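Structure record follows, encoded as structure tokens.
Order of writing sets the labels: A, B and C. Residues in every chain begin at 1.
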Amino acid sequence: MATLRKRLGVGILSAVLLSLSLTACGGGSDSGDADSQGGVIDTSNATGEVSYWLWDANQLPAYQACADAFHTKNPNLTVKITQAAWDDYWTKITNGFVGGTAPDVFTNHLSKYPEFVSQEQLVPLDETLAKDGVDTGIYQEGLADLWVGQDGKRYGLPKDFDTVSVFYNKKLIEDGGYAVADLQNLTWNPDDGGTYEKTIAHLTVDENGKRGDEAGFDKSKVAVYGLGLDGGSGAGNGQTQWSMYTGTLPWQVTDKNPWGTHYNYDNADFQKSMGWMRSLIEKGYMPSVEAVTGQSAGDIFGAGKYAMVTTGSWMIGQMYGYKGVQTGTVPTPVGPSGKRSSMYNGLADSIWVGSENKPGAAKWVEFLGSAECQDIVGEKGVVFPAVKTSTEKAAAAFKAKDIDTDAFLIHIKDDTTFLFPITDHASEITGIMTPAMDSVFTGKTEPSSLTDANNQVNALFE
Amino acid sequence: MSTTITSEDPGRTETVPQTAGKRGKKKVSFGRILAWSLLVIAIIITLFPFYWMLRTAFSTSKSLFSDPGSLLPVDPTLGAFKRVLGLASVEEAQAEGGSGASVNFLLYLRNSIVYSTVVTIGQVFFCSLAAYAFARLNWPGRDKVFVLFLAALMVPPIFTSLPNFILIKNLGLLNTFPGLVLPTLLMTPFAIFFLRQFFLGINREIEEAASIDGASVWTIFFRIILPMSGAPVTTLAILTFIAAWNDYFWPLLVGNTEGSKVLTVALGVFRSQNPQGSPDWAGLMAAALIAALPLLILFFIFGKKVVNSIGFSGMK
Amino acid sequence: MTSESVEMPVGTISPPAGRTPKLKKSRPGSGRSELGMALLFIAPAAIGFLVFYLYPTIRGFYFAFTRYNLLGSPRFIGFDNFTKIAQDKLFWNALVVTTEYVVLNIVFQTIIAIGLAVLMQRLIKSTVIRGTILLPFLISNVIAALVWFWLLDYQIGIVNEFISWTGLNRIPFFGGENWAIPTIAAVNIWRHMGYTALLVFAGLQMIPDYVYEAAAIDGSTEWHSFWRITMPLLRPILALVLVITVTGSFQVFDTVAVTTRGGPVNASRVMQYYIYQKGFAEGQFGYACALSVILFIILISVALIQLKLLNADQSDLA
């Protein structure tokens, strides 16, 4: 009996050691074996399956239609699309990189792509695109440049873009005595907010029916805010919170964009603007950070609590979908520069370094970046494709749904866009700026405290 | 509510399951009123969010916020349930504010059932063996090894999720059931700790009597200890099943094909699709309720066992 | 527990040769060692432990001494991570915030759970009530957090609508710096109280009824019986419940990730969330592992202290 037990013990021990050695083999990344040094991918004989990930389920039908068209054109290639919700998407991608299960092609986002480049997870596309004669001039201005890394290599082909504008609730506007035309040409400045602030004040209503610019307005009992706040202070770039105002100042977030290495949160004009945002909150015209920690700005807008709110074009479907609210859009206000401004962001599709079907992946990326696919996407009316001609198709598709997109596209027409800031250390910067900005908006610290945060951010680049 | 039997003979031990107070008389005391009020309050707080989930599940997602304070479903519809069960077409779904992604409900339900059942059976069986060794068998280093196993409770998930993922991948078990169940099949520290504490509380004299009678450790374990531990074992089984059923992160990493996707992962399609968006509330609530239903049924079937198998003290 | 003489069934076989009766309170080392049997019993669990817990932990400890971003190779940097931690304001903030959460959670959850379990045991044993109390545990952590995030929303949550209807000011449950942690604790208590009550209830079931009856006959009141009989006999289970809930509370993550994400301004940036932020979002996996090592040490120490204080290795029932 004793020997049997001993044998069992030995057997167990060896099983354990075996599994330990297996895990030792697997520890660390597998994905460094593929070449990330560029080099042409020959797409002429591409076959097989290409896996493609995206997060927005609303766009899935559009891209499935693209995939079907692609398959018709290239019978040897099939695209398998997987959708994962935003919350899980990046976790799965990162795990995929580490574990070797990442997809061949995936939708990439500007806030993540610098890190992926520095981790050498993306395939440079320049030589392949040159060989296949892909013209990167068909896209809206500036979009293609966003996806060129610090090393000068291109890591994605633009697929869509977004801008921000002011969404309004028709009934609440009319209750305030405004016509839509009155809102089309508001002005803003960081000192007193211009006509923009006056409108916001007038549209704010407290529970007793008093408006924000009337005597007896009770800012502790606001029923409708003149201007909503999208989720919080906006951290380092305030894309939907304040970038449309600061963009009209003679101020740049970074020394250059893309790939700046010095941030400018210590700028006086910028800090004055943050002070202005805070003043709106203090006057009761805009909800506080406390008040917006919770459900999305869209939902609160849908509940009729915001007369206006600034947010991006990706929210069009949702904002126009709320029953009981008639939504419209007007462009962002004109600032001290005499012009409007909107941050300009765009998604692209990238190829993973560890992909086992790079020729197929490259062909799919080229198709995604082509007018043919982007026309299909544009016609569904869910997003603005990057190709200039496809954008027009999308505008028409939106119009057919009774959605006027002029307020978004005016920035393209008037060339008043500026790029989403792209630098290294994006997540760490967010980690520093989110609490710092929240703290300013809640009144806990003064806008001048942002100089200190700026120093912390710039220290990352040393 | 309760019936009491006054014990005429003080020496006789008579258990009356429905007896609430051990005194011989039924009193509507202040204490009793307080106790009942507390229980009622606890039940209300427990149930209100579920009522809210029900109310939302029967509403139309798009209209939800037009009346945020309403206690009744807004724009009542069965659409959410249809979406969850995979019965709605893409147009129907998008018309109500849903996303139009398809859900092969029965398949994912099957996957969840298999996953949870296998994990439960494995964990309960293997951990009860180990717990018994820690509670009753004598061997050198026993308590120190127990602390080691207990320490596994404290292991941060960040340590285990990636290495386990890589191991499963290297074993070629990604997107398979073995890959899904392996990490928790053999043990979790909670299960061992839980059963060991209960086994400690079992009256030793039964075991001693049996071993004097010549019973081997195996016999004692299977014929005496396990049957006596009906309540804790069933409780552990229920808890393990629930945990496995609601497990999200690990199946998300390891189970992505139709054959291996579990319900919780599949129903993630109702969560928000983009960073500032809202979830498909009605669909999400319907999904959560439907996913919880099998658990509720299970609990009602086996819950009685937890009540009725009162710990056998053996001293009647 | 007094032991009465055991009735030997008729036809008792005398103990087989070589076997000696076990001592009442066996300690390892005294009496016969059952190492062989024990190894067999533990084998499957041990494999699971070694492969899926021990090995990753050792690996994690190793990474704590490196700089590693998951995709390159880890670079050994000695104790640098730990010195950085000592100077990290956010680390100390995380400790304070997490401890606050743990204390709130434990105190209220344990009290409520014991109360509920006793109520279920003494007042009404219906499975329906028990099922109802357990309901919150049947939905996932994430869903529970999402629902409460909406119910307690400042502007459109029904709880605040009700509060403002009574004339009081709305409460920023998740958005207020002083409210965030208590609210998160409340949500988790809501979700877990049924589960914890069930654990305690199972423990209560193991206490034989005659103990209570004997006490009642001796004139003990309910309250008295509770403190003098129930609580002491529940000791092993209470130890279990406390260790599990304390350990679990220190590791709170899901609720924070879905609702406040560490805000407002770090008021809810608990340890596990900070670790996740550093490791996965900011790519400092080595640093995150070092933080985890510290958390691990804290948890082990706390658990050992608890077990020692509660004397969890012995049970008065046995």
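Points worth noting:
Quick note on the criterion: contacts are C-beta pairs under 8 Å (C-beta built on N, C-alpha and C of every residue); 3 or more make two chains touch, one makes a residue touch a chain.
Everything numeric in this text was worked out from a predicted model, so none of it was measured.
Note on interfaces A-B and B-C: more C-beta pairs are in contact across B-C.
Set against the Cα centre of chain B, the chain with the most distant centre is A. Centre-to-centre separation between chain A and chain B, using Cα means, comes to 38 Å.
The centroid of the Cα atoms in chain B and the matching centroid in chain C are 15 Å apart.
The set of chain C residues touching two or more other chains comprises 39, 46-47, 51, 55, 59, 70, 150, 156-157, 280.
Within chain A, contacts with two or more other chains are made by residues 19, 23, 27, 91, 98, 295, 299-300, 303.
Taken residue by residue, chain B touches two or more other chains at 65, 68, 162-163, 167, whereas all remaining positions touch fewer. Residue ranges on chain C touching chain B, taken from their complex, read 1, 3-4, 6, 8, 12-13, 15-16, 19, 21-22, 24, 26-35, 37-39, 41-42, 44-49, 51-57, 59-60, 70, 112, 115-116, 119, 122-125, 127, 129-144, 146-148, 150-151, 156-158, 161, 190, 193-195, 198-199, 201-203, 205-210, 212-213, 215-217, 222-223, 225, 236-237, 239-240, 243-244, 247, 251, 253, 272, 275-276, 279-280, 288-289, 292, 295-296, 299-300, 303-304, 312-315, 317-318. On the chain B side of its complex with chain A, the touching residues are 60, 62-68, 75, 90, 94, 97, 99-101, 162-163, 165-167, 169-171, 174, 252-253, 256, 268-269, 271-278.
Partner chain C is touched in their complex by these residues of chain A: 1-2, 5, 8-9, 12, 15-16, 19-20, 23, 27-29, 31-32, 91, 94, 97-98, 115, 119-121, 220, 232, 287-295, 299-300, 303, 305, 427-428, 431, 434-435, 438-439, 442, 444.
Partner chain C is touched in their complex by these residues of chain B: 1, 7, 10, 13-15, 17-18, 20-23, 31-32, 35-36, 38-39, 42-43, 45-47, 49-50, 52-53, 65, 68-69, 71, 126-127, 129-130, 132-134, 137-143, 145, 147-160, 162-164, 167, 182-187, 189-190, 192-194, 197-198, 200-205, 207-209, 211-214, 217, 221, 231-232, 235, 239, 242, 246, 248, 264, 279, 281, 284-285, 288, 291-292, 295-296, 299-300, 303-304, 306-307, 309-311, 313, 315. Contact residues on chain A toward chain B in their complex (touch as defined above): 19, 22-23, 25-27, 55-58, 60-61, 82-88, 91-92, 95, 98-101, 230-231, 240, 295-300, 302-304, 311-312, 314-315, 318, 321-325.
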